[in-house]
Every structure is written in C-alpha cells, then in structure tokens.
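This is the structure, below, for whatever I ask next.
To keep things simple, chains are lettered A, B and C as they appear, and every chain counts its residues starting from 1.
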Amino acid sequence: MDFSLSDDQKMILELVEEVSQAEFALRADEISKKGEFPGENIKKLVELDLFGVTIPKEYDGLGMDYLTWTLVSEKISKACATTGLIFGANLLCTYPLLVFGTEDQKRKFLPPLARGEALGAFALTEPEAGSDAGNVQTIAKKGEDHYTLNGSKIFITNGEVAHTYIVITTMDRSLGPRGLTAFILEKGTSGFSFGQHFEKMGLSALPNVELIFHDCRVPKENLLSKEKRGFRVAMQTFAAGRIGVGIGALGVAEAAFEEAKKYSKQRVQFGRSISSFQAIQHTLADMATEIEAAKYLLYRAAWLLDQGKPFEKIASMGKLYASEVAMKVTTKAVQILGGYGYTKDYPVERYMREAKLFEIIEGTSEIQRGVIANKILKE
Amino acid sequence: MNIIVCIKQVPDTEQLQKVKVDPQTNTLVREGVPGIINPFDENAIEEALRLKEKKGGKVNVLSMGPSQAAESLRKALAMGVDEAVLLSDRLFAGSDTLATSYTLAMAIKRIGPFDLILLGKQAIDGDTAQVGPGLAEWLNLPQITYARKIEVNEDKIRVERVLEDVFEVVESPLPVVVTVTKDINEPRYPSLRGLIRAKKEKIPTWTAEDLPLDKRRIGLEGSPTQVVKVFIPKPPRKGDILSGEISQVVDKLILEMEKRSII
Amino acid sequence: MRKIKIIVEKCNGCEECLSSCLFSAIKIENKRVRILDNCNLCGACIDACPFQAIVLEQEEIRVDLSSYRGVWIFVEQRKGEIMPVTYELLGMGRTLANDLGEELSGVLLGSHMRGKAEELLNYDLEKIYLIEDPLLESYRTHLYTQVIVDLVNHKKPEIILMGATSLGRDLAPRVATRLQTGLTADCTGLEIDKKERNLIQTRPALGGNIMARIISPYHRPQMATVRPKVMKRARPGHSKKAEIIEIEPKVSQDNEAVKIISLIREEKEAVDLQGAEIIVSGGRGLGKPENFSLMRKLADLLGGAVGASRAVVDAGWIQPYHQVGQTGKTVQPKLYIACGISGAIQHQVGMRTSEVIVAINKDPEAPIFNIATYGIVEDLHKFLPVLIEKLEERGKS
C-alpha cells in the first residue's frame, strides 16, 4: 500500500496550503463574526482553478482524482470551515451531473462550474423532509416541453449564491422515494426565488437559504436521469458528498488540535507548562490518534471512488467517524484552553460550534449508522 | 507589448529563521534552504502579466543563477508568462552587480526586441538595488526606479515613483527599464492549470557560449567588487522581560522611557 | 582573478568546511570536497579547514591606480535644500580622507545653489565642485550621471560616497556602470586599509542575517552608498578653508528621455514612518483590523507613527505604507513598540536597529523577545488600555 503523494499532488497541496494559511485562515474569524459571505476566498479558489479539480478536461476541468480533491478540501477546511463547505457543496452539483447527466447537459453545465464562473448547490432538504428523504413534498408536474415545480427547500448550502442547482422533487407523493425526480435548475428561472435564511449556531457566513418554487417552469432538457429515478441520484450524490463533509469535519478537528497543542505548550500553571501534565498529554494523544484514523478512512473512501470500486460504506464510516471526532476534539480543545477557550479571543469555541453541524448534514450520524449496518449485514 | 522580466531566486529567509547558529564558531548551520522568487520580482512578473492582459503581447522571463533557479522560472511560467530562459554557467559564478547586469544585458540582446524591461527594486539577499540601473546603462536605456504605478499609452510610459516623502510622476518613451516596489500590485498565485503546464515545459539554459559577450566582463573577472569576509553580526543584547501586575509593569515602562528621555 | 581550490592530498574529509559555508556552496561527493558555482569567495571555509586544504589563488594583476586621488561626497539636494545624509557623508568622508592623506571634496549639482554651497564652507572639507544649470534643478538620472561621469573622468577621485537614498540608489549604479567600477550599496561601515589603500566597505546582506566586507582592489573610483542615519554627522564651525570650484556642465534636454510630470503628496500620516522617532506597530496579535485604533491612539499620545507587520498588511487590515520589514520599510526610531507581532526575521530586519524596542506579546516564545529591550508577556488587549490610560493621565498632570 503506497501512502505517498505524487509530485503533482505535492505541488498542488503546497500552493493550496500557502493560500489557505495566508488568506483564508486570517479572514476566518472575521467572516464568522460578521456573517459575511467569503467572496474574496471564493475568488481565490476560482483563480487557482480549484473548482475544476474533479471535472474532466473535455469540460474545462483539470481531470484529477477525488483523492486530490479531498486533500485540497482538507487544507481549505482547516483554514476556514466555511470556505471548505462552500467548496464541498459545489461537488454535490458537479458529481451528479457527471454521473447522471447527458452529454448535452454535461457540455452545457459543467464548464462554467469547472471554471468557477458558476457555483453549484444540491437541494433536497425540506421542512418535512430531512432524514426522511422520501418525504419530499415539492411537486413536479409534467407539461408539454417543460415541468412545473411547486414547493420549497430549506437549509440549502450555497443557496442564493449558487447559479446551478440540482433539485430533488417528486412526481407522485404517494410513491414516497420511488416518486423522486431530479432536475437541473438555474438561478433566474422564473418562479424560482429565495426565502428565509436562518441564524445558526456557527458557520454564520455559510449561505443556507430557503428555495421557493412557485409555478417554476423547468425545460424538459433539464431532467436529470429519468423520471422517478431521483432517489438514486440523491443517494449516490450523498455517498460522494459524505467524503466532502467528512473531510470538512477533519479540517476543523485539525485546526482545533493545533490550537490546543500550541496553547498547552505556552500555558504555565503550577510552575510548568500544562503540556507536561499527563492528563493533558493523554488528551492530546487521543485527539491526534482519532484525527489520524479519521483521515485514512476518508482518504480510502476517495481512493475507492477513484478506482470505481464500491465506496459507499467506507464513505459513510468516514463521515460518521470524522464528524464525531471533530465534535470530541473541538470540545477537548476548549477544555484544554480552559477559561480562555470559552472566550471569543481564541478560535476554539468557534471550532466547537462549527463542528456540531457536521454530525447533522449530509445524513445525520443516526442515518450513517443505519447505512453502515445495512451494508455490513449484507456482506 | 513585448515585456522582459529579470528575476532572481533568493533563499527563503522564513526558512532561515529555523536555522541554528553554532555558538562555538558563530556560523549559521544551514542545509539547502529552499529558494523562492525574490518577492519584488514577483511584483514585476505580476505587473508584466497585467500589462499583457491590457495591451496584448508577450512576457519573457529571464534569470541568472545556478540550475535550481529554474524552479523560480517554472513558477513564473505557472503564473502565466510566455517564455522563460535560465542563464547558467560556471563562468557566471562570483558575479557582482556589474557583471550580472552585463550578462543579463547580453542575454536580452539575444532575446530580441522589447518595449519594457521590469525588475523588482532589489533582491532580498543582496539588497543592492543595483542591477536594474546597471542593466539600463548597458542597454543604453532610460531607467525609472521605485515604481508603484505604471500606465502605458501608445509608446509612452507614465510611472509614479515612491520617494522618501513624496510620489514623483514621470513619463518616458519606450523602451525603458523600470524597477518596481511592493506597492504596485498583489502578485497572483499560480493556478493549478499553470502549475501543471509549467511542470512539463522545457526551460532552455544559455551558457556563456550562447551569448554575444566579452568573457572578461562576466563572473569573477568582470566583478570589480570582491567579498573579503562574511560574518554574523553580533546578536543584539537581549533585554529584560518586565513581569508583574500590569499596572506595575506599565509604571515601570513609563519610568524607563522617561529615564531615556524618550517621553 | 581569484580562484578557490581544494588541495586534494591535504583534504581529510572532516567536513568542517561544510558547516562553515553560509551559502551552502560546499558539497561532499564520494568523500571529496566540491565547491559549487554559487561560491562567493568569502574565505570562511579557508579559515575553518584544520588541514589548510583550501586555498585562494590570486593572479597578480598590475593596475596603476595611483592617478586616482581624493575622497568625494555627493551633496544631495532636493528642492534647493541639502539633505541630512550629506552631513553624515561629510563626517565619514573626512575620516577616510585623513586616513588616506587626501582631500575631501563635495559635489553639488543643481540650479541657484551658490548660497547652499557657501553654507557648506562651514564644514571640514577642501573643495566644493558646484555644477549649475536649470536642467539640473531636480534630479534626473541621465543628466546627473553624465555630469558626474564627466567630472570623474576629468578629476579622477579615489573614492565617491553617496547617501543610500532613493536618489543615491538610482544614481550611483548608473554612474558606476558607466565608469565600469565597483559600487557597494547601503554601507554601514567604511574604513581604509592603509596598506593597500583600499576602501573596506561593510554592509548587511541576506536581510541583515549576515554582514559582508567588500573591497574593489583593481578599480577606481571606489563607490559606495551609505545608509542614512548610521554614520555620525559632521559638525560645522570650521574655518572656511574650502574653495568653491564652478564647473560648466555639458548638458542638453535631448540627453534626458524621462520627464518629471508632477509630484503627489499623500499626507495620510502626520508623521513620516521612516522619519518618526517613535513607532507603534501592530501585528496579527491585534486580532482584528478595528484594533489598529489602539495603535493609532498610542501613537498619537506619544507623537509617533503607526507601523505594521506584513501579515496584517497582506490581510488588508492596514495600508502597505505602514509595513515595516524586509519587503516593507526599514526604520530606526528611538522607540519601537511592537504589539502582537511575533517578530519573524523578515520583520526584525526592518526595525532591529531601533534604539529601544518594547515588545508586547502573549506568546513567551515569540522571537521578538530576542531583540526587545523590554519584553512584556501579556495580552496586549489587557496591557495597552492601561498604558494608554496612564499616559493620558500623565499628559494631563
């Protein structure tokens, strides 16, 4: 098993690390406090061609593998979780297009996404459909040369800033998951507007808005896959998305760990630095070990995806584990920083608030456990 | 517009910091510190790219140095310059600024016609700021140093120069040699596409044989200045850490300032 | 022509030379020492080798430099005012001229500068070359270069000193290249090697990490630009022994392609950073851009200027004008207060020759404490308000 990085990967990661630390990390605190969309950061991602990493060259992408994407995402998320999630959510749009799109659809929608001219989003979640994805209520009625959408979505990452949306609707509510149908929807389509946006526990700069469809007419060319095949689109997209969300959680965990380690060396109590106390040492050791384990689960999931091998189980494990590790590590980080850790003078309290979301999105930990159990019992 | 940018690879002093000083011999213990593009030269590359984006044309990058300097040229290619050339030869070794500017000038003569030559105002290892003006002299061109803003109209260039207390606006016909300051722009990061493309490109190396030059003017022989000794400056005396309750420390600090007649 | 050589028979493979080389120009290949192309001939390895296996070979060159005599200093004037660095050059120039047993002369270009030339008669020098023409009123590269080169070819000075100002650093390399002679920039030390009559020029390199001693043994004039505010100023009050020699310049507008269009004064700072006696500087430890107001407040209280580290300038918290450091400005105030600045080498290089350095940083390992005269390991958000309050009180009483 060769765990080494290729020269190209090293070259790319060096650049991403430089930009992430020089720019994203410095702005992270401020954008969070102000709840400001990190436009400057996204601009840099575009300039660096990062949105095109996994998109094939014939669609203006760089044609690289998902493992490289994962490594890139890790560095971005470590510097700024918000930027990492915006970057990651984009994958939820490009991936289904690549897997399920027709040649015409790919040629139309992928190049702007690859070049970063358009940002992507994936819209399934509704007020009544969270874990119960089959309970989607947004209805799509077939017309002559179009479909008409009515309904709404909430908590959609990149909502309002994205240009290209993969929207999961239903053509027959009584069919549950088997009625789901996926469409590609562009911002500016008449009948497609944006609604409320929630004040969150953390990641306040992450755009998560309500999408509203009111007699929204979608051209029939924008049907993704086949009618009533949308559940498959959603499930497969989630499987890949889990790697993205998992690596986002890992980034937050790594950032928190670095802060805790640094602080423990500086902080002097009882005449010595607290890093010399066994209690702290053991805590740090646990944090480091869990992070390392999460890392390789996620890297392996990406590798399997690249190899065209079944990856869903490992991706689920990776997301489950990394998100729970992030919660543990960030909580311990606050603990290590003690009173100061609880204040906004240090970033660890922010990391802890940010970490929580990763246990929820892209399939809650409960759902992940269900998915994993399902898979392992079949083996 | 045909623009030529001369760059230099310099040691990354950020890495130098991690280096230890041997207390016995008072020397730096340093092992292959990685090289970076001289930061001011990055500004020059960026300015050249911006001018090309506005006016069309071509950007050539040139560097004189050991073979590792090719890495810096590669980064310039990744940023978007069109062509890069490395000037490397044992015979160039030991060049001071006179010999360096001469060698660069002869290489530029081989590259061909140009409208503008850009350089960073100085290299952060030598800190002399002499190569730009020297180059202009060898090529018999006007020079404009310390540019913080460049505008090109037709065949004239207008530059804002940073002087000690004022900014001077000057104008000159092309071609001309301009050295730039950090204020002029924010250099772009290379894109991934650029990095990948640059990785594959072949960067030609020109030796002394490839250039129309007088061998007596290059390298050691062509360098009037000689370094006779290099030493580490005595580290400044370590001062005192003032500790205690904040109010007391502030009082002490103010007292010390008063004692030194600073306030 | 100098060449460095390894005497293979003497080389023991002890590798002492390796660690002595500051430029990583020595490699051991197959147990043999090889000196690489980037060797600078500084000779550190020669001293370090316990077996004297490294030698510097020097070809005998006979060059007759005896016709070059005298020390010149360039009198820098701007808008008809003589720049302060001139007096530092006068002080240094006098010492050098005395050591050589030669004359010290000043070279002044401009228009209507006769009055200023006469003021210089109060200083200890022998001659003042005064070259006047309306075209020389403001500094222009080609015109000044031509005048000085003509004068040098005529009078043959041994040494020429200029201030390492924006003017000096634009002019000196042009002149030196035209004269095909050696120029050393930004010198912090100058002395005469009396045996060889060479000017020994000491200057910082590698961002101030090392100092280099340089000579131009086979070329004249030996040129050097001198860092302002380092050398001691000459004092006036000497009997007027100098004579003013007027020189007719041969200049015409055609010689100078670069035209001065206008001057822009951006009075954003009441106090010029590089001229400030007190600088209050902020770094990442400030936490957010708004906290620069603390720096401003303290600076105003002390009558100083505001500086910044590169990190915060790059993050857009304050304009690049304020950046102190290797790629920013070099400053030498009486007092430099570094707040929340870790003090990486690149920053240190821009401020470490300040008279008094006060560092406030909550990280006891911050490198800034290695050069601080007074180090305060505290959270600046707690410390500064108290300092400001007490200074305000003090100001009132």
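What we mean here is this: a residue touches a chain if its C-beta (ideal position, glycine included) is under 8 Å from a C-beta of that chain, and two chains touch if they have at least 3 such contacts.
Predicted model, so just to flag it, every value in this text is computed and none were measured.
Counting hops only between chains that touch, chain B reaches chain C in a minimum of 1. When each chain is reduced to the mean of its CA atoms, the one lying nearest the mean of all protein CA atoms is B.
By number of C-beta pairs in contact, A-B leads when A-C and A-B are compared.
Per-chain Cα centroids separate chain B from chain C by 17 Å. Taking each chain's centre as the average of its CA atoms, chain A and chain C sit 52 Å apart. The distance from the centre of chain A to the centre of chain B, with each centre set as the mean of the Cα atoms, comes to 41 Å. Among the residues of chain A, none is found touching two or more other chains. For chain B, the set of residues touching two or more other chains is empty.
Across the complex, chain C meets chain A through its residues 284, 287-289, 311, 314-315, 363-365, 379, 381. Put simply, chain C touches chain B in their complex at residues 1-3, 19-20, 22, 24, 36-44, 48, 141-142, 165-167, 169-170, 172-174, 176-178, 180-186, 200, 203-219, 256-266, 272, 274-275, 277-278, 302, 320-321, 323, 326-328, 334-335, 344-346, 349, 352, 355-358, 367, 369-378, 382-383, 386-387, 390-391, 394.
By the touch rule above, chain B contacts chain A in their complex via residues 188-196, 199. Put simply, chain A touches chain B in their complex at residues 7-8, 11-12, 15, 18-19, 44, 47-50, 52-53, 62. Residues 11, 13-14, 16-17, 22, 25, 27-33, 39-40, 65-66, 88, 90, 92-94, 96-98, 101, 124-134, 136-138, 142-146, 158, 160-173, 176, 182-183, 220-221, 223-233, 235-236, 238-243, 246-247, 249-251, 253-254, 256-257, 260, 262-263 of chain B touch chain C in their complex.
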